[in-house]
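The chains carry the letters A, B and C, assigned in the order they are written, with residues numbered from 1 in each.
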Amino acid sequence: MPLKVIEKRDVEPLIRHLMERFQVVGIKKKDGKNTYGVIESPAELRLDSCATITSPKKYFFPQRETLLQFAVDGSWEPQAVVEAQPRIIFGMRPCDIAATWMLDMAFSEVNADANYLEKRKRALIIGVDCKEPCDEYCFCKSMGTLEVETGYDLFFTAADDTYIVRTGTPEGEALLGEWGKAREALYEDRVKLRAVQREKDERFKEALEFDVEELPRFLEDSYRSLLWDVLGEKCLSCGSCNLVCPTCYCFNVLDEVKLNLSEGERYRVWDSCQLEGFAKVATGENFRERRGDRVRHRFFRKGKYMKEMFGRFGCVGCGRCTRACLVHINPIEVYNQLKGGE
Amino acid sequence: MDARLLPTVDLDTIFRPRLAQLLNVEEMTAKEKLFTFQLKDGTPLGQDPGQFVEVSVFGIGEAPISVSSSPTRGDTFELCVRAVGNVTNALHRMAPGATVGIRGPFGQGFPVEEMRGRNVLFVAGGLGLVPLRSLIHAVLDMRQDFGAVTILYGTKNPSELLFRNELAQWEARDDVDYQVTVDVADESWRGNVGVITTLFRGLPVDPRNTVAVIVGPPVMYRFVIREVLGKGLPMGRILVSLERRMKCGVGKCGHCQINGVYVCQKGPVFTYSELRNLQEAI
Amino acid sequence: MKPKIAVFEFSSCEGCQLMFANLEAEILEVLGAVEIVNFREIMTEKGDDYQIAFVEGAITQESEIERLKKIREQAKVLVALGACAHLGGVNCMKNYQDQEEVRRYVYKERAEWFDTIPARPLSAVVPVDYAVPGCPIDKKELLEVTKSLLLGKKPSLPDYPVCVECKMAENICVFDKGMTCLGPVTRAGCATICPTFGNKCEGCRGLVDNPNVNSHKQVLQEHGLSVQGILNSFRMFEGYLEVAK
């Protein structure tokens, strides 16, 4: 795929151009923190910011999403609801692009989930490279997600007064082609890109004290570790870690009827395996009753189960869960402690 | 992933139920009713014994329920439901003619083909008879294809016995060894008293050629599996059906997970050898 | 037959009354399925035939105990409406009393203030089937509960904490703004209204079923709250629980 170059000063016009045809979403400021939101004017978009509270997964898998419309008495065929609109996510970070890969796998495997996939397919992803770690919590480098080769339509890397743009798909290429202001990269640009990438890599430190490929084994060996009880005592079962995680995709399904009591909709909402009732059944049996068991389940999912299912880790090292956790349960510390054989 | 590599999907999604009509309701016990349904599009449900469906009572919600009837017996299907919560109580309030939604059948049922030619030892505890019944019917309908058939059934007390007519028929058959026990007897009870494991004493089991199929409440499994292992059965020929919280039934929502395994996908029927390394299973 | 709903009021604050008054029209008009037989002042408990009783307010006088028992006898379903009815305790008084009064109240000097019995939730007097928690109640939730009852569905309160809704709403956690918050142990369902508007959660909906109170206390301490401050923040709405212990 060709490499292109865009002058930084041309980015605003590009966004404006895209906004004419698409809903453009990206990172905006909210109360001094960052969140993904709809870009109303190009100046709002913060291509340099990262560490958003939640991940852009909400554009493919919203917090609440209608699945079905029905008549309470079943007098007409229930109608499946799939909402999707063309959209550009401008400024997705490498970690979130890697996380999107994971969600793509989860929602297309065996029973393809149209509600996710239609939104995903109608979205174009413009990635933006990180220059330095978002903060002390992220550990993307250790999880191998600091660089992504696929999963984007375009990918911007800042270099001096330009963005050097990798095109990942024909759609991405067409987007630039039709805009017309991107130029082909020259030899100097390639050199520059490599230099930027090298510098970037140096700024990121390894946070894991071992090769991440060993993680499933360490987890396996510590299934009965006391560490889970210790963490369980601290954990508030507040679910924040799951809700902000870009690879979590568990949900609950509920019915809501209209005021006429004769029609209604079925919807799904984000759920969290850390919540008390997640595995509880109507007879009162709770299959993951202890907090420590729930904490363990989360880490096993991220570091083992998803790897076994999909071939990649369910943690992309974005650090969101640590930022959100009031009792400082931090995956890197947990993983490193496991290695210590605790 | 490159969005072009994503599968094309049916916009008539995995979450849309088909409509089914309630044909008949039969009271089994104080808490359980047997419901007979037919899909409104006239097609048979197409279940394998041991599979389950997600039943919608629209406006209330969905619940996973085992199909209790065998595919060898006609185009209608039966669900036996205990009233415990919202959906199940709403079902209990329904009268023939009412409409529900059905998704599925889902999950992996019992491996009937692999069981052919073998002796079958059924062990049912309480509501566990409901999913087992579909397999028992299938086996009895193809009786000549199987070796010795033993059915052990236990409930807390006599009033909780399900499918009484059928129990009497099994009892009467020469080609079925049927034994029943209750934890606590009442005045009228003349049979065995004691937990289900007491039925294993002196029970003839040929470990070389028997498949054990065990379904019951979570507490039952550990003890019964120990008995069956004690009879010398290999772990791969011990089948169980597990219950977990389920929302989607199609491997997405995460609620049914046992360690790394989605019960709605890989189960609900498992061999004991599949479960042995899943610490959360039993 | 339309189910008949009656609404009763004990000692409650203006917030809850207002919320209900706003809803009256909606419930009456839109839910044509119900008939409201008793509404606040115009009620006489005896001999009325209603199936569902919504009861707001805490019990603060001997005479109210008798009245409530009569309501319980008549109603098939009794729903506690609002924090006062649901939790009793300090209930909605925080809205019009200053903090010092509230504190003295929970320090069991209430005799000075009320020539009555200690305020208590309905559930301390009669069995309560369901609750619409909150101070004031959330309109949407009240409608959901009403709809559920009419559909024969058990209205279920979320058994997870406010943080869940707060994270879904992508709020900035008020702990990050130097405040403290009871969200991690408080039952969700209010659409995290206080943190959404930059305020801390004061726990008006009561605790989740199994809160990790110890760990939460440590969090509060870490963020500068003294033990006394912690007690006070809990007593705001959990006052009755503590008195009951």
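As a working rule, a contact is a pair of C-beta atoms (placed from the backbone, for glycine too) under 8 Å apart; a residue touches a chain by one contact, two chains touch by 3 or more.
Every value quoted in this text rests on a predicted model; they were computed, and no experiment measured them.
Q: Among line, ring, star, complete and other, which best matches the way these chains touch?
A: Per interface graph, the chains form a complete graph.
Q: If I rank B-C and A-B by number of C-beta contact pairs, which comes first?
A: Between A-B and B-C, contacts are more numerous in A-B.
Q: What whole-Å value do you get for the distance between chain A and chain C if each is reduced to the mean of its CA atoms?
A: 37
Q: Report the inter-centroid distance (CA atoms only) between chain B and chain C in whole Å.
A: 43
Q: Averaging over Cα atoms per chain, report the distance between chain A and chain B in Å.
A: About 38 Å separates the centre of chain A from that of chain B.
Q: For chain C, give me the residues that contact two or more of the other chains.
A: 151
Q: Show the residues in chain A shared as contacts by 2 or more other chains, in ascending order.
A: 72, 257, 261
Q: Do you know which chain B residues sit against two or more other chains?
A: Each of 59-61, 85 in chain B touches at least two other chains.
Q: Considering only the defined contacts, which chain B positions touch chain C in the complex?
A: 59-61, 85-86, 89-90, 93
Q: Which bits of chain A are touching chain C when the two form their complex?
A: 30-33, 35, 53-54, 63-64, 72, 233-240, 243-244, 256-257, 259-261, 269-270, 272, 275-277, 291, 324, 326-327
Q: Can you name the residues of chain B that touch chain A in the complex?
A: My answer: residues 1-4, 6-7, 9-17, 19, 56, 58-62, 84-85, 88, 98-101, 218, 243-245, 247-248, 250-255, 257-260, 265, 279-280.
Q: In the complex of these two chains, what residues of chain C are touching chain A?
A: Within the complex, chain C touches chain A at residues 26, 30-31, 33, 143-144, 147, 150-151, 159-161, 163-164, 167-168, 170-173, 175-177, 183-185, 198, 208-210, 212, 214-216, 218-219.
Q: Looking at the complex, which residues from chain C come into contact with chain B?
A: 151-154, 156
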